[in-house]
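Heads up, the next two complexes both have chain A, just with different partners, chain B and then chain C.
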Partner chain A sequence: MEETLAVRRLDRLGVVLVVAGVAAAALLPFIYVKANRIASGKPMLLMQLLDQPSVAILTLLLVLSACAVLFLENAYARLAISTLCLAALLAAIGFVATSFTPEGSTAARMTPGGGFWVLLAVTSLIISDALVKVRPRPWMRVAALAAYACLLGIFLWSGLLDSLSIMREFANRGDQFWAEAWTHVELAFGSLAISVAIGLPLGIVCFWVPKLRAALLQGLSLIQTIPSLALFGLLMLPLGYLATHVPLAAAVGISGIGAAPALIALVLYSLLPIVANTVVGLEGVDPAVRDAAAGMGLTRRQILTGIDLPLALPVILTGIRIVLVQAIGLVTVAALIGGGGFGVFIFQGLGQTAMDLVLLGAVPTVIFAFSSAVILDAVADSIRGPAA
Partner chain B sequence: MVMLKRIALAVSLCALTAGAVQAADVVVSSKIDTEGTLLGNVIALALNANGIKTKDRIALGATPVVRKAITAGEIDIYPEYTGNAGFFFNKPDDAAWKNIQQGYDMAKKLDYDANKIVWLTPSPANNTWAIAVRNDVAGKNNLKSMSDFGKWVAGGGEAKLVASAEFVNTAGALPAFQTTYGFALKPEQEIVLSGGDTAATIKAAADQTNGANSAMVYGTDGAIEAAELTVLEDDKSVQQVYAPTPIIREEVLKANPKIEEILAPIFKSLTADELRKLNGKIQVDGEPAKSVAEAYLKEKGFLK
Partner chain C sequence: MSMIDIRNVTKRYGDTTVVDNVSMAVEKGEITVIVGTSGSGKSTLIRMINRLVPMTSGEIRVGGRNVADVPETELRRNIGYVIQGNGLFPHRTVAQNIATVPQLLGWERGRIDARVDELLGLFNLDPRSFAKKYPHQLSGGEQQRVGVARALAAGPEVLIMDEPFGALDPVIRGKAQDDLLAIQKQFGTTIILVTHDMDEAFHLGNRIAVMRGGRLLQYSTPEKIITEPADPFVQQLTGTTDRALKRMSLLPLTSGMAPAKAGLDHGLPQSLSLRDALAEMIWQGIDEAAVENEKKAAIGSISMSHLLELGRKE
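Moving on, here comes the complex of A and B:
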């Protein structure tokens, strides 16, 4: 009974994906051929490009994938076909972009259109749906992520995608890109480490002292409602004052602009999920287990480290996952107060109406957030696994 | 008591070393927009070439962020526009801002008195609100200045202007242009983009979206040339002048007095035409601001 239900649900999702893919391929431009970075560009549909071998192969694979999604029950087969399709999609956009780039031109830009992005999303969804059906172990999911990252890496390394607009922007800013990437990682993980160091003890105290819980959680919820840009701005004044009037503060790197206000704002946003999940996780521990431990003569501290925290860990890890993904997104705003990160490209791109430059900031941010979520999920599941 | 004295000594030692580090490196900054990034790189490259060590905080953020940073002493030098001083010192309606020399003198005096910030030699360019028309329309109707535009529209010329709501409604912008140059656009001759910036209006005029043939622009927008538009000269000085000027904290200037003479000839050479060309290289061709700045300084002989 359960099995037939699962199949029917899959079909419904498959139909939606196939319809979306067909509509995007038929109606939305696959690529824009632009004379320069801010020109409107000539839209090209997939069917206008069929004379190119790479596009012909892609179309064939798209049809095959659609059939696989609708009629094939074997998840491994669907996975194989849709992965091939993904590779063909990346190859096709690279070949098409190269074919339209005038010889030696540095100004011309080949920007992927809506058709490409929808097909990319649909193919990725088909792949992840097939992956879920295979029910991989946690470490297999990380391995799959690494495999797809390698696939992307091979495409980037081969130079096949170098004619694409986003790669042109990258080529112009190679060194800066890696510096901003490192800043982004530092800010995201740095704020995570600090907020775990503060939030975990706070959560434990909240669990022990119920009176404190309501007040603290409400206070932290209030912080969450402050728009990020406003919070970054609000922190500049007091920190700037501190930096100019307390020499020690300046000596340890506190200042109104740059990493300090960004880090503080990120920690403030991160505290709620960590504290709340710690409290919920501890509350979920069966009191009988705790009683038994107390009966065996364990101290309060032994119960906390030996019973409570290990049992609450999966829930706490979920909170950490939320915080990390949220922080990776929020770091982009830090660019406005000199904090750096991928947001630099997003805001410069917006200022120049250069969407390719916006993508150079946005796409790595999305990939970074997605990979972190998959890895942390796998960690949480592998911990939950033996307990269940 | 002895303990307290020791702590005080330690703190002041820290302060001294922190101060020494700041004095050694000039912290060069700029706003995050195209022209700011360009001019910030120009300043940093010029100082480095003349043996003054700099720390790069270019493209720091929007105007309020950069402004707060320099008054707090966290950055030392950045390019600012003369007309903006009217907003910093809460006298935006003063007539002096409409004259490049008077506006510069007033900005220089106000900022020095209040913050000990020195305004160095400005560029002769003016990055203010202006109206640009499509080259084909300008050529056919012989439009070069706002006076020409006023006569053309008043005589039934079919202008269709795309502009932001702010430009259309602010008393000092389109309404002031209309009164001074004696024309009135009918509602059907205006396309108002509520939050529109010049990048959007230029694109609309270039693509003739909804029949647009003229656009609100800033005088040194990099996209103007690529979009085949002509900026009309504000021949009766309706708009306030926004001349880009390097501004520096007095303390830092005293420690490095050469900065004034290094930057003066460079900023004098940065006319509106030059800035439009350089901004265009960044915005339209996608070249990095640093290499555009470097190429310009080499071409003009400021850099070897």
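Moving on, here comes the complex of A and C:
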């Protein structure tokens, strides 16, 4: 009886996270020490590094975090301890990397190992779980995101992490990094803007004309089934033809490779979620509300802009969120056809078997996608708020 | 001249005739109730008045003007419209909902605010606490009142109501019906109301129209509907078991009283119907009572035997 009660008091997710964290800390290397970027490194476990003060503090905080997750009900307390733990994790990897880097060496690479990444993921999950339990208002979630971004910014700015391999790669390509970041943002938001501009009216028309709906939605789902790389390839032929035979097309920057096919493919992928969510959102509006609006003498246009679209907006925003996160991921693939973006580093790194370079492309992409999702969710929730 | 004049109106969807050559006139300041089962065409008929449904043939005049000659939106802004489940805009506050038509008509801000407050007060909704609420924060009865207030916002001469009380529970429904009668009396609005509830029709209607299968079976006063049903269906709808009591409920006590008499111990208020008077006399176990005005002065008398006589078919 007592035993079942005790078990019930344990957080199931917490148990899984703690087990994963302990296993990763004990079995997976915390850091690889490499002589140069393509050499196979020397793995170091967390327990082999305990003589370093930062690692000792980290270990202590990890144990505290585990206890908090398993036995503390208070979400704020969990949040505080796990945030401290996250900071300690970043600080420790920075200090360890610095301590292993030979004085004045630029060739040596300190690559975070699986242990570090799993601990980072586990700590982040504990933080987000605690944040969810606090039930923050939409703007509080954005504020929390900003706070953690600031935390990361402070670590980057302080130079503590500069010895890490990923930062070394960044230092070598600072200008290119920001150029590709800008391209990535442009492609993601550009394709989103274009697909909203096309998809929203299409969705409205589909809602009004049910016959068109089935045909269009099926066509768009068909596009979704084409693998992204194949779609990029398919677009190269017609666009290349266009570029060589229509001077105007070439003049505005259309060619078989580069940003144009990337943008077109992204828009094609984005249309289905936008159109489908617009239709579903409009269908969700109570017909009695629309009937009352018409009966009071609102014009068709006033009903659309004043009643239908505002009421469908939360669902449409969900579609926009899906599209943005999807586009941020897909832009990485666009690098293969010369579209640019963080994918450039990923594919360069894969080509050179330099994992640190892959991370330089992958980590910002994940952060970008995650932040976009949090912000758009908050916007959708704050709109849903008054009418819920 | 009638306020609403419906002449030979027919509505067909393909081969199905939903409204079949209906003609009826609604007088200014009256409440006309259209009763019928579902599929009788009653909703379609009233939705042709504000052109939410285009008619196949016939003509409807509101205030003397042919509705086909008035632009749709202008027509609808001048006719109040209330539907079952009220159709309030969930993303707008109570005040914004009520302000809908005045805003469409381009009233200035101050006039709209004053009107919203006036209507909220009229429907016993304190403007300070209700104006900023959203519809989902209101009870069903409050939502319904806001729905009627919204329809009356611009002071329309005509109010169309499609099963306005259908979603309310019986207790709140009775209260809502009484409120509507009071407000109709105050504004003199001409109301055309659709229901499937015969009791509601008798309670509210100056005139009752009975529809079945798209045809208008009978259109007359509630009393005539009971005493002279034009069709077996009308009789079935009103029920035969309690028609005496139903008819007595339509007649005021003052219509059947004898001259005042001295020496009566019990008094009945003159506002009662014959049916209420009968019920009260059965309950009190008395054979004769005085009829009193508001100041408790006897203005007449009524006896049990006379009451029973009044309830007999003619």
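Following the convention adopted for this analysis, the second predicted complex is superposed on the first by the 378 of 388 C-alpha atoms of A that agree within 3 Å, B and C clash if a C-alpha of one lies under 4 Å from a C-alpha of the other, contacts with A are read in each partner's own complex, and residues count from 1 in each chain.
Criterion: a residue touches a chain if its C-beta (ideal position, glycine included) is under 8 Å from a C-beta of that chain, and two chains touch if they have at least 3 such contacts.
Given the structure is predicted, the values throughout are model-derived calculations rather than measurements.
> Sharing chain A, do chain B and chain C clash or fit in the superposition?
Taken together on chain A, chain C would fit alongside chain B, as the superposition shows.
> Quick one: classify A:E169 as touching chain B (first), chain C (second), both or neither.
In the superposed model, A:E169 contacts chain B only, not chain C.
> Look at A:I257 in the shared chain and tell me whether it touches chain B only, chain C only, both, or neither; answer first, second, both or neither.
The first partner, chain B, only.
> Between the C-alpha centres of chain B and chain C, what angle is opened at the C-alpha centre of chain A, expressed to the nearest 10°?
Rounded to the nearest ten degrees, it is 140.
> Is chain A touched at more residues by chain B or by chain C?
B
> Looking at the overlay, does A:K133 come into contact with chain B only (first), chain C only (second), both, or neither?
After superposing on A, A:K133 lies clear of both chain B and chain C.
> Between chain B (first) and chain C (second), which does A:R37 come into contact with in this model arrangement: first, second, both, or neither?
A:R37 contacts chain B only, not chain C.
> Of all C-alpha distances between chain B and chain C after superposition, which is the least, in Å?
Taking the overlay as described at the top, chain B lies 43 Å from chain C at its nearest C-alpha.
> Which residues of chain A touch chain C in their complex?
Where chain A meets chain C, its residues are 286, 288-289, 291-299, 302, 307, 310-311, 386-388.
> Residues of chain A touching chain B in their complex?
The contact residues of chain A facing chain B are 36-40, 106-107, 109, 168-169, 172-173, 176, 233, 236-237, 240-241, 243-244, 247-248, 250-251, 255-258, 335-338, 344, 347-348, 351-354, 356-357.
> Quick check: in the complex, which residue numbers of chain B touch chain A?
11-12, 14-15, 17-18, 32-34, 37, 57, 59-62, 64-65, 68-69, 72-75, 199-200, 203, 206-207, 222-223, 226, 282-288
> Under the stated contact criterion, what part of chain C meets chain A in this complex?
50, 52, 72-78, 81, 83-91, 100-101, 104, 134, 136, 147, 150-151, 160
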